[in-house]
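Note that the chains are named A, B and C in the order they appear, and that numbering of residues resets to 1 at the start of each chain.
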Amino acid sequence: MRERHINAILLAGLLATALAAWGLDQPFTITLATKVAILALAGVGLNITLGLGGMISLGHAAFFGIGGYAMGILASHAQNYTPLMEAPLLIEGTKSMPVIWLVAIVSSALAALVIGALSLRTTGAYFIMVTLAFGQMLYYFAISWPAYGGEDGLSIYVRNGFPGLNTLDPIQFFGLCFVLLCLVLLFVARLGRAPFGLALMAARQVPARVEAVGLSPYRLQLVAFVLSGAITGLAGALFADLNRFVSPAMFSWQTSGEIMVFVILGGVARLCGPVAGAALFILLEHWLGALSEFWHIYLGALLLIVVLFARGGLIGQIAKAEAAHD
Amino acid sequence: MSSLLLFEQVLNGLQLGVMLFLMAAGLTLIFGVMGLINLAHGSLYMVGAFAAAAVAGATGSFLLALAASLAAAAAAGAVIEVGVIRRLYDRDHLDQVLATFALILIFSEGTRWIFGSFPLFLDVPDYLSGPVTLPGGIQYPLYRLVIILAGLVIAAGLFLLIGRTRIGIQIRAGEADREMIAALGIDITRLYTLVFALGAALAGLAGALVGAIQSVQVGMGEPVLILAFVVIVIGGIGSVKGAFIGALLVGLTDTLGRSFLPGLFGLFMEPSAATTVGSALASMAIYILMAGVLLFRPKGLFGVA
Amino acid sequence: MTEPVLSVRNLEKSFGALKATDGVSLDLRAGEIHALIGPNGAGKSTLIGQIAGNIRPDRGEVRFAGRDVTGLTTGARARLGLGRTFQISALAMEHTVLQNVVLGALAARGRAMRFWRPVLDNGALLEAAEEALGRVGLSELGAMRTAELSHGQRRQLEVAVALALKPKAFLMDEPMAGLGGEGSKQLTEFLGGLRDEAPILLVEHDMDAVFALADRISVLVYGQVIATGTAQDIRANQAVREAYLGEEAET
């Protein structure tokens, strides 16, 4: 089956699930679908670095957390009616989603710029360890900064607002997340076919050649890392809004690992791999989790099987894996 | 800031350092010899701690508990090496990361299934507890001193093993050229299992030793694993010497940072702000150290690979 | 006389106790093919590495396109117009033949940081890429995955990617490597015609190609250039015969 058709089916399926749940008045299922959309978004972000760029970032939770805390900090100041800062600039909190998203994207991008600039000086196994370490650094920082809940996290009582919508209505919030996911997927699809995508994928396969034609693999990878972090940061802000809660766990190595698991289960370097992977993960969490509280063992076993025997993930198996290029 | 306090914290830093060395040495050997990045190392640390706690609880003997930690971790290491790890040597790093991450999930949840979610307790035995008076009049816990000494002895043993024995030569040759040693007729399958089990045993022992002063619970291994990664990045992948120096650097930076940064900030900030900023910065200190090393030596201080 | 397109002066490079490059000077003039030959271990790769920018010399100077490029990276030198082919083909195996050449074309036009419009929609880039492919004779294979090409076709593609850069000079590292008789002949002919567009510094073992193509030959032995001259001069040179061609004469 052609990949484009698989992608359409996946997205349509997600939308249909939410709409059906809405029709059947099952808000919990809508929430699950929303979770899939948001986690898929986080995975799409990671996939720019991992799939296109071939860089194994085990610290993407850093950006997920930054996006989440951007939301948490802005919203908590708004709900407490205290400004973030009074001098030299008056910065007040806000509960407006567009503003929060913008802040989340910009701050994650900046963090990715700094972390990427340092980490990309290394390669291979060093890069994996370094990104993991930076994620952990932010985790410990979030725990030890008491102003925003520390280890206990921060609750936001009311979901943030989007002009013209009632964001507390599950289907409308789902709609927002779904639209964002689709827009980002469109952007990433174009990115892959654009000159930048070509150069980035070449840098993954044969960096010596990329240099020999006058490009800088480091620069290409850094830009990719920044885009990647920004998108995962946006997902973090949405996730925090979904749960109306943000905590240091968003920075944890487990979160980094899980985001990578979605991408791999669905098929790394496949455009909609993260969508398939996130859907699979949420389904497993829901069904297996109901059967056994130790369902992570089965997740681990599944992951092991996929890695050892079923390379290419879900989409790879369906599309009779051919290298993802276009 | 008294010099007594400083000395005590330096010792604490050394203690953290030698424990990190046990973890990092195994990791760096496994990477250097087999080219494998092993995220499950933290699980082996945990297995050692749990084995020790279980045996100590059953028999009351700390020595037996330590022996159990070595045996259990080495056995667990050998089992996963034969079952999973050896399929990964020829794979790329991504597959290794994912497969060993899967192992973490299995080990963690498996342990929780067997032992439950509540921490186990491993007590420091009576003959090792209590303070000891050091030259200069400082009182320092005997057990921590024993840990430092044990760690140094093991470090010396490891250097001897690698520098002076047949196995050590094979290890060093394997680090330099994997294909060549196979061509020379050395049984690399056995060598790899041995190296992996050795690394696992060291991790398990560290878990047991530390388990007596902290608690033994699921998930205790991963934070240490990540610290060990920081050590390896600083020291250089594949270098046991680098792991030793890196571990001491990280141990000292972390411990001294946590003790003295808040106080340092207190010199020019009000106390509550100083504690907040100081502790936050202290929690980031070793990562800032790592970033600093990366700026000048992206392959670590003694990087081989 | 105008400055040569590419020149190295008194280049030195040591790896520990091993002196890989020991005071090498040579140049590449417009319109010429200058071949670099020497026995294995002579230090050719190290020398090429220093000219291309992968290796930093301990002492000495590399000049290209009228500038001192000794401190510049490989990428910077490529941007100045230094084209390169590798001894072992450096191609993106998952990409198609066309995509590999387009990479060269888009780098030459400085258009890598474009994120939206598909690269294959860009008429100018496609034209440049197709032209390069056509010149090496791979036009038909544009859509084929590089991994599926034969060895000879990959060597041709290697040249095409360098061509797409429209370089001022070529650095070619054993382009004939692994080519059979027919392939070598074709490539030799092709390179002969190429020299007028941009001079070529050619590292080669294939003596037939060297003597057929080279306007000048430099012989590198133990890190030193022991002779530079025309094919005739080199064949007659006693030191060269002993060090290098002497072995060849036996075969």
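By definition in this document, contacts are C-beta pairs under 8 Å (C-beta built on N, C-alpha and C of every residue); 3 or more make two chains touch, one makes a residue touch a chain.
Note that this is a predicted model, so its numbers are computed, not measured.
S.K.: Would you identify the chain whose Cα-based centre sits farthest away from the centre of chain B?
M.R.: If we average the C-alpha coordinates per chain, C ends up farthest from chain B.
S.K.: If I average the Cα coordinates per chain and compare with the overall Cα mean, which chain comes out closest?
M.R.: Central chain is A.
S.K.: Could you state the distance in Å from the CA-based centre of chain B to that of chain C?
M.R.: About 49 Å separates the centre of chain B from that of chain C.
S.K.: Would you kindly tell me how far, in whole Å, the mean C-alpha position of chain C lies from that of chain A?
M.R.: 44
S.K.: Using CA atom averages as chain centres, what separation in Å is found between chain A and chain B?
M.R.: The separation of the two C-alpha centroids amounts to 31 Å.
S.K.: Which positions in chain C touch two or more other chains at once?
M.R.: Nothing qualifies.
S.K.: For the complex, which residues does chain C have touching chain A?
M.R.: 52, 73-76, 78-79, 84, 86, 90-96, 99-100, 102-104, 106-108, 111-120, 122, 125, 145, 161, 165
S.K.: Inside the complex, what are the residues of chain A that reach chain C?
M.R.: Listed in rising order, the residues of chain A that touch chain C are 190-191, 193-199, 201-202, 205-206, 208-216, 220, 223, 323, 325.
S.K.: Along chain A, where are the residues that touch chain B in the complex?
M.R.: 50, 56, 58, 118-119, 121-122, 124-126, 128-130, 132-134, 136-137, 140-141, 143-147, 253, 257, 260-261, 264, 268, 294-297, 299-301, 303-304, 307-308, 311
S.K.: Okay, in this complex, where on chain B does chain A touch?
M.R.: It comes out as residues 31, 37, 84, 87, 93-95, 97-99, 101-106, 108-110, 112-113, 222-223, 226, 229-230, 232-233, 237, 276, 279-280, 282-284, 287, 290-291, 294-295, 298-300, 305.
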